[in-house]
Amino acid sequence: MAFIDIEDLEVTFEGSGRQVRALKGVSLAVEEEESFGIVGESGSGKSTVLRALCGLAPVTGGRISIAGDPVQMPRDQAFYRRVQMVFQDPYASLHPRHTVDRVLSEPLAIHGFDHAEDRVEQALEDVGLGSGFRFRYPHQLSGGQRQRVAIARALILEPKVILLDEPTSALDASIQAEVLNLLDRLRAERGLTYVLVSHDLAVVSHMCDRLMVMQGGEVVEELTREALQAHATAKDYTRNLLTASEGFTRDPALRR
Amino acid sequence: MSPLLSVENLRIAFPSRQGPVEVVRGVSFSLGRERLGIVGESGSGKSQTGRALLGLTPVSGTATADRLEFDGIDLRHASTRQWRKLRGARMSMVMQDPKFSLNPVMTIGRQLMEAVKLHGGKSEAHDKSIAMLEAVQIRDPERVMAAYPHELSGGMGQRAMIAMMLVTEPDLLIADEPTSALDVTVQIEVLRILDRLVSERGMGLIFISHDLRLVSTFCDRVLVMYAGRVVEELDARRMSEAAHPYTRGLLNCLPTITGDSRPLPVLARDAAWLE
Amino acid sequence: MSIDASRRSLSEWLQSEQPASRRQARLGQAWRTWLLFTGNRLGMIGLAIVVLLVLVAIFANVIAPYDPVLGGDLRTERLLPPSLDHLMGTDDLARDIFSRVIHGARLTLMVVALVAIIATPIGLLVGTVSGYFGGWVDTVLMRITDIFLAFPRLILALAFVAALGPGIENAIIAIAITSWPPYARLARAETLTIRNAEHIDAIRLQGASSGRIIWGHVVPLCLSSVIIRVTLDMAGIILTAAGLGFLGLGAQPPQPEWGAMIAGGRRFIIDYWWVATMPGIAIFTVSLGFNLLGDGLRDVLDPKAEK
């Protein structure tokens, strides 16, 4: 059995008298210390997979298990120590009135960790921010620095699994490279398991060993990085996505 | 032929507690009937440059230039009336998110027809609007005409927006991140439409974007901006010959599907670039 | 080191982009807010009026030249016009109106403070809990709020006072009970937008309990708009208290309450205008002060204007 095992996951949102089926039976398996990517366009349900996994979206069907244990509803404290998430928008994912120190100490307080002071200092060191950043407010940080704080927050409980929801799509290209390198390094150092969601095939191909393409709440296909790089795909949808990702091509046939 | 637009030493400053801060510091370029890309990261002043060309610098800011000429008209001293005649009719702008640029309580059709009527041509407004929606490859123009902006998807909304900006057949279109909010496949479709309109109608296009790779495949010429200045001007086909370390760094730090450089080269900023 | 230099270094310490401790970060944040507030001239005028009210209330015994309750000689000192001896004149019981207005500041401040202390937490609690949990909790709490909102404030206060008996304490309770529902509505509306923010999802994923999330994450974000609203409402609260006093249901004679003083002076407003006018001016000034302060706070604290 795989480390993260999801079978026939269904998520249905109910609101104002209509139902939206965001996930229509998604299955995936991620091995320990693997980096797994989910690619898709808006509305494909790629972020919903992550949100359902960590209990932020209502699971209406299917099974999720991590390291062989079925995930309970509601999630227990042990789950949060094992699975953490980094969000897309670093401007929205930090509380505007809390200092970096508070952001990092709070999870430690909730889970009763000892040596909180040292752990906060170490976490800041690990993500490449010195202790000079410890007592700053989010508005005193740049987008890249905020995302580093968000990564430090996810790591401070020493989880095994990190869910990454478009972690760099709100950042400039040069900052994106820094954050991707940081994530890469942390995974190698700590043997973390990543599930990375992105609309950007290049980011997923760079970060992940295996990936899954989603469309309309369903899995289109699963690929290895090598298959993606060789354009060895069986589905037209994936091929279109690949071509589109490589930039604009002037199509003479379209010029009338 | 004289250029469509020429800009010399454009400077835009905003007041702050520490005195005025220049966000654009001496940008010069000229534009013919071509596709010009302006690329830069957030805070590089690329969007403010685009807005200043249309006289849309926010009221708190001041824009000055040694020369700012559009088809022989000096834009620096243009009156409100002159601007009204220029904007929409001869120069237009497409913004990043159609949701904020379209009036939410008016149908697309009404907004389109209003644009046509404002610039002459009351009688054929309806036909012209339909034709324009067809030109941006909206399959069911009658339905879209009757729809409100929130009833359209992102790609549809952006196409409607482009249709609205082009229905008056402007000579210059400024597109500020027109496709950043869209999915990649939709993005390419929208770019195709823009591309076709530029080549068919002989428009000048200024394409402002953060995406160097996209711009280099779409535009003829690229200006790379850093901290309010143009650090390099390049032929889009010769992107690999970029000389400035910033441009090179920006190109290299992007992950690619095929490449496998690990770790990614990181852009080392040099204080000397600011000078 | 000169005073000027030490002041400069203090300001630098406060505005440091790299605070070295929790205390410095918090003080620095407060200092930046204060700098922003000082730029607002009307807000500063409002603050000055409110501070003046507090000082007057504290030092009422020192400032007031006469006793506010015991009058002077009823034969010679009744209804004297304003003069140097009696700055605001005297009333029909030969009491110095200036001293009474000064002592009235205490009552007014007490009303304002007690209402704020009682109504704000209730409103915040009901609003954030209702907004955060949603569902039936929201329905129940909001219907209760609606019931309280449906009564006109003064009428409900009248009913309470009629039931509990007249007196300043009962008037305060009545006003507090009728003034929390708008704060609950406001806090709920704020909470509804906050609870879907990514930073709330993030803390939920850290395993935080609902109580911790509401208290530590939602309330601080609602607090500023509620404070603004409370400050702006203060004028209305003072007027309601004065209204109750005027109707004889608030402060009881001989307490120097401004509304009751106006009521006492209305009988001879044509011949002896100052008796009713002086406390009226006091009510007007303090209400204006709270309104200006509230407007100034809104410019500084409103999360929607914040970048």
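The chains carry the letters A, B and C, assigned in the order they are written, with residues numbered from 1 in each.
Everything that follows uses one rule, which is that a contact is a pair of C-beta atoms (placed from the backbone, for glycine too) under 8 Å apart; a residue touches a chain by one contact, two chains touch by 3 or more.
Chain by chain, the UniProt names read as follows: A = Glutathione import ATP-binding protein GsiA; B = ATP-binding cassette domain-containing protein; C = ABC transporter permease subunit.
Predicted model, so just to flag it, every value in this text is computed and none were measured.
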Would you mind checking the shortest number of contact hops between chain B and chain C?
2
Which chain has its C-alpha centre farthest away from the C-alpha centre of chain B?
C
Can you check how far apart chain B and chain C are, centre to centre, with Cα atoms defining each centre and the answer in Å?
51
Between chain A and chain B, centroid-to-centroid distance (C-alpha), Å:
32
Taking each chain's centre as the mean of its CA atoms, how far is chain A from chain C in angstrom?
47
Where in chain C do residues touch at least two different other chains?
none
Per the touch rule, the chain A residues reaching chain B in their complex are 41-42, 143, 172-174, 176-178, 180-181, 184-185, 199, 201-203, 205-207, 228-229, 240-242, 244-251, 254-256
So in the complex, the part of chain A that touches chain C is made up of which residues?
54-56, 75, 77, 79-81, 84-85, 87-89, 92-99, 101, 106-107, 110-111, 132-133, 135-137, 139-140, 150, 153, 157
Which chain B residues qualify as touching chain A in the complex?
41-42, 154, 183-188, 191-192, 195-196, 199, 210-214, 216-218, 249-250, 253-260, 262-267
Sites on chain C touched by chain A in the complex:
17-22, 24-25, 29, 197-199, 201-209, 212, 216-217, 220-221, 303, 306-307
